[in-house]
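Below are structures written as structure tokens.
Both complexes below contain chain A, partnered by chain B and then by chain C.
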Partner chain A sequence: MNRLERAFAEALGLPAKTDFAALEYSRNDYWDSVAHMRLVAEIEKTFGVRFDYEEVLALSSYSKAAEMLKKRGLSVDD
Partner chain B sequence: MIDAGRGADLALIDADASQRWTYDELRSAAREVAGALALPAKGLVFVFARNDLSSVAAYLGAVEAGHAAALLDAGAQAPLKSALVEAYRPDFVVEPGIGGRPAVRRRDAPARRVHPDLEILLATSGTTGSPKLARLSRRNVESNARAIGQYLGLDASERACASLPLHYSFGMSVLNSHLAAGACVVLTGEAMTRPAFWEKLSAHRCTSLAGVPYSFEIMRRVGYEKLLPPSVRTLLQAGGKMSEALVLEFDRFMKARDGRLFVMYGQTEASPRIAYVPPERLPQKAGSAGVAIPGGSLSVEDGEVVYRGPNVMLGYAESSADLLRGDELGGVLRTGDLGRLDADGFLYITGRRKRFSKVYGLRLALDDVEVRLRERGPAAVVGGDDRITGFCEFGDEPSLKALARELAALYGVNAAAFDLRRVDALPLKSNGKIDYDRLPKTHGPGRDPSPAPLQP
Partner chain C sequence: MDLDEILRLPPYSLSAADKRRILGAGLADLTRSHRRRCPQYARLLDIFYPGLEDFRLPQEAPYLPVGLFKARELKSIPDSQVYKILTSSGTSGSGLSRIVLDRETARRQAQALGAIVAQAVGPARLPMLVLDSADFLKDRKNFNARAAAILGFSTFGLDHLYAFDSSLSADLPAIEAWLRAHDGPILVFGMTFLVWRLLEQTAGRLDLSRAVLIHGGGWKRLQERAVTRLEFRKALADGWGARRVYDYYGMVEQVGGVFLECEHGWLHAPNFSDILVRDPLTWKPARAGETGVIEAMSLLPESYPGHCVLTEDLGALGGEDGCSCGRRGTYFSVSGRVPQAQLRGCSDVYAEGAAA
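So, the complex of A and B:
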């Protein structure tokens, strides 16, 4: 798992063999509003970033999260 | 319950299905459901509810048919649902359906009498894992809906966003109080963490929004200043004690837009509203649960908060046989909360007599959780706001994580609510009982410190 996958697994309590690329809000039982706030905090902590309000709402899939980090010039790999 | 609503006025908007009902249409939908629930005598209807038109029709239809209706979570796990069906043997099970038409199933029920006063059954949040329900009468529910309407000043111009689940007493009271006032209720299953929630709130010009303390933390993190449409004039908070910092922040924000924040206190056992803080008494009374609602009174007896009023439940039920029981409390509810009243009659909650935790608005009994953990080995459970920590003398990280998920599914809360940790040995007192004071300190509520931590 890369750093972002680990953050998702930790925050949403997902098993390691999850298909992270296909992960979307509300398509996954573990990803509800409570888990969402936890996920945002976990990614912020892992990557030392602070998402703005719009980003907190827009973070609706694994690929969206990866894109937001990429925009900041951050790599999800170790 | 919907007497005040005039025929052609809007009663319900299903924001997810884009469908709306006038009061006439709501009445006719409820009548249609009532027709499908015909029985020679008063029976029991299980309404597995979602926030949609069909669930409201099912609820009001069951009541119209003269039956007792248990409002339950349509999203609950199958084993929990069947345990409830097994314990209560309902005459009908009603599930959400499309186009505002619920799916009605007749079941074999035992010959029994249902008490004439019993109208609504709701799960008490402290016992989500067990089939214990609060028994409420029509008088309980209607008097509470009217009292809420009175102190909120509800009228037909209101449009409440009902995003809390209908099977949750707070969610039910938002629906009841607005229908009793002839107002409109906007139903949605969307969460505040989704952009669609805020779009719907704005598109349907909602005038009020209700939430538990965690909802207000979410609102803060997603930027409520921009997201709350100008139509929203009233925020309702209940379902646990909110931090004073959040009360002050939202009070200031709402007053600046000529709106109001209502901080409220209640229990499912009181149908559910017990107290509220009049907005003009904020910020002075921040931290208080408020004064008694109209028609009720509060006292503190031996340190325990006692509420008296027409909305105090008849009693609990644990099985079908209990449906025959009448009023066992006589309008007096010992809340189990510890508190004090100030000179102005404002209530301040200081703790719980029994060990409970409020987890995302839901009350969970710590001893109940502990019993479940002890099925696997020695364990001790402590609770904070939005998190329950279990210290276990068994398991490893992956197995405890899996167990936390299992517990969360059982109680119907997010897995983040349970933090299970491995310890070598639980601290014991000389009498062999667990010494809770010597358990490792847990750091506050159920979330990690982040760059700008959410206040507990």
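So, the complex of A and C:
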């Protein structure tokens, strides 16, 4: 698992065999609106970033999160 | 102008005249589209608005009493597209409203709320003290108006702390430690009666002078204890040093397009929603300053026909475009609830008609 996958797994309590590329907000039992705030906090801590509220709303899939970090010049790989 | 364009504008930028035109056209579109997609709504229109013609003004739009959302589930989307069902907090005991959302409607609600709150708080997220119990959110099926409000506003916060335990006692040492860990402005959010509850438990012992405090959910429980709006504000300033305090008026039938209080104590309608005060004898729009029943209108409800609802609240229009705070659009105040007996009469008529 890369750093972003670890942050997702930790915050959402995901099972071992999660297909991260297919992970989308509210389309599974793990990532609901309560868990979302935990996830945002975990990603912020892991990558030392701070999202504004529009980004919090926009962070709706694993790939979206990866893209948002990439835009800030951050690598999700170790 | 389509809804997504309106949502991208600063939230209080449309003049009353422009807004009437845009809102009128938008409500007409929504009425047509819900009539097509929601057979129950179509039937209600046929019964209560026979011969309804196209309209251009918001005040001509057909409106449903909010009580109807308690009597039945009104939705304009197939079951496969249902994303979330919101229920009212249910303090009245007369059944819960059930509001059916699809993804698009939920997304726009969040975006609308964001535009409104950013105006008061600024674009950056702030450390957030939630005046509720974390246990309240544990039951994920219990998605009522209070939980929806907490979660909706949580987007603007970070490092959230819940002020109460499950019996609604404040954890004062935890709050103090949390305050010490965060310098600078903080966001405090909660239902109005819980703000009061925390104040009763901590007045004089907590410094919330750097807080932006947003509260809502109504004054019913405080009015029973004879706390007026003015006394509330004064008590918050005296007990906590909290002076940036904003009430909001909103309802589960129209989440997102909330009406936030300004620095001068008026509630303001954003571009994408509005209110009208109706004279309860004639049901015609009342003049500014006259108390009547509040009708709430919103362009956000796409998945259920809740774009025009007659609330069970009394209020009065302050005016349009002219508030000293500089915001454009309608501003108003809410003074209480319509007496129960009157309400029951009104919704019985609708219930009988709708059952026909």
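The definition used in the following text is that the second predicted complex is superposed on the first by the 78 of 78 C-alpha atoms of A that agree within 3 Å, B and C clash if a C-alpha of one lies under 4 Å from a C-alpha of the other, contacts with A are read in each partner's own complex, and residues count from 1 in each chain.
What we mean here is this: a residue touches a chain if its C-beta (ideal position, glycine included) is under 8 Å from a C-beta of that chain, and two chains touch if they have at least 3 such contacts.
Remember, it's a predicted structure, so these values are computed and weren't measured experimentally.
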**Asked** Overlaying the two complexes on chain A, which is it for chain B and chain C: clash or fit?
**Response** clash
**Request:** Scan A:E42 for contacts with chain B and chain C and give back first, second, both or neither.
**Result:** first
**Item:** chain B versus chain C, judged by how many residues of chain A each one touches
**Value:** B
**Prompt:** Of the partners chain B and chain C, which touch A:D32 in the superposed model: first, second, both, neither?
**Reply:** both
**Asked** What part of chain A is shared between its chain B contacts and its chain C contacts?
**Response** 26, 32-34, 37, 40-41, 44, 50, 52-54, 56-57
**Message:** So in the complex, the part of chain A that touches chain B is made up of which residues?
**Reply:** 11-13, 25-26, 30, 32-38, 40-42, 44-45, 50, 52-54, 56-58, 60
**Prompt:** Which residues of chain A touch chain C in the complex?
**Reply:** 26, 32-34, 37, 40-41, 44, 50-54, 56-57
**Item:** Complex contact set, residues of chain B against chain A
**Value:** 191-195, 198, 214, 217-218, 221-223, 226-227, 360, 401, 404-405, 413-417, 447-448, 450-452, 454
**Asked** Which of the residues in chain C end up touching chain A in this complex?
**Response** 83-84, 103, 107, 110-111, 114, 117-118, 123-125, 137, 140, 151, 154-156, 158-160
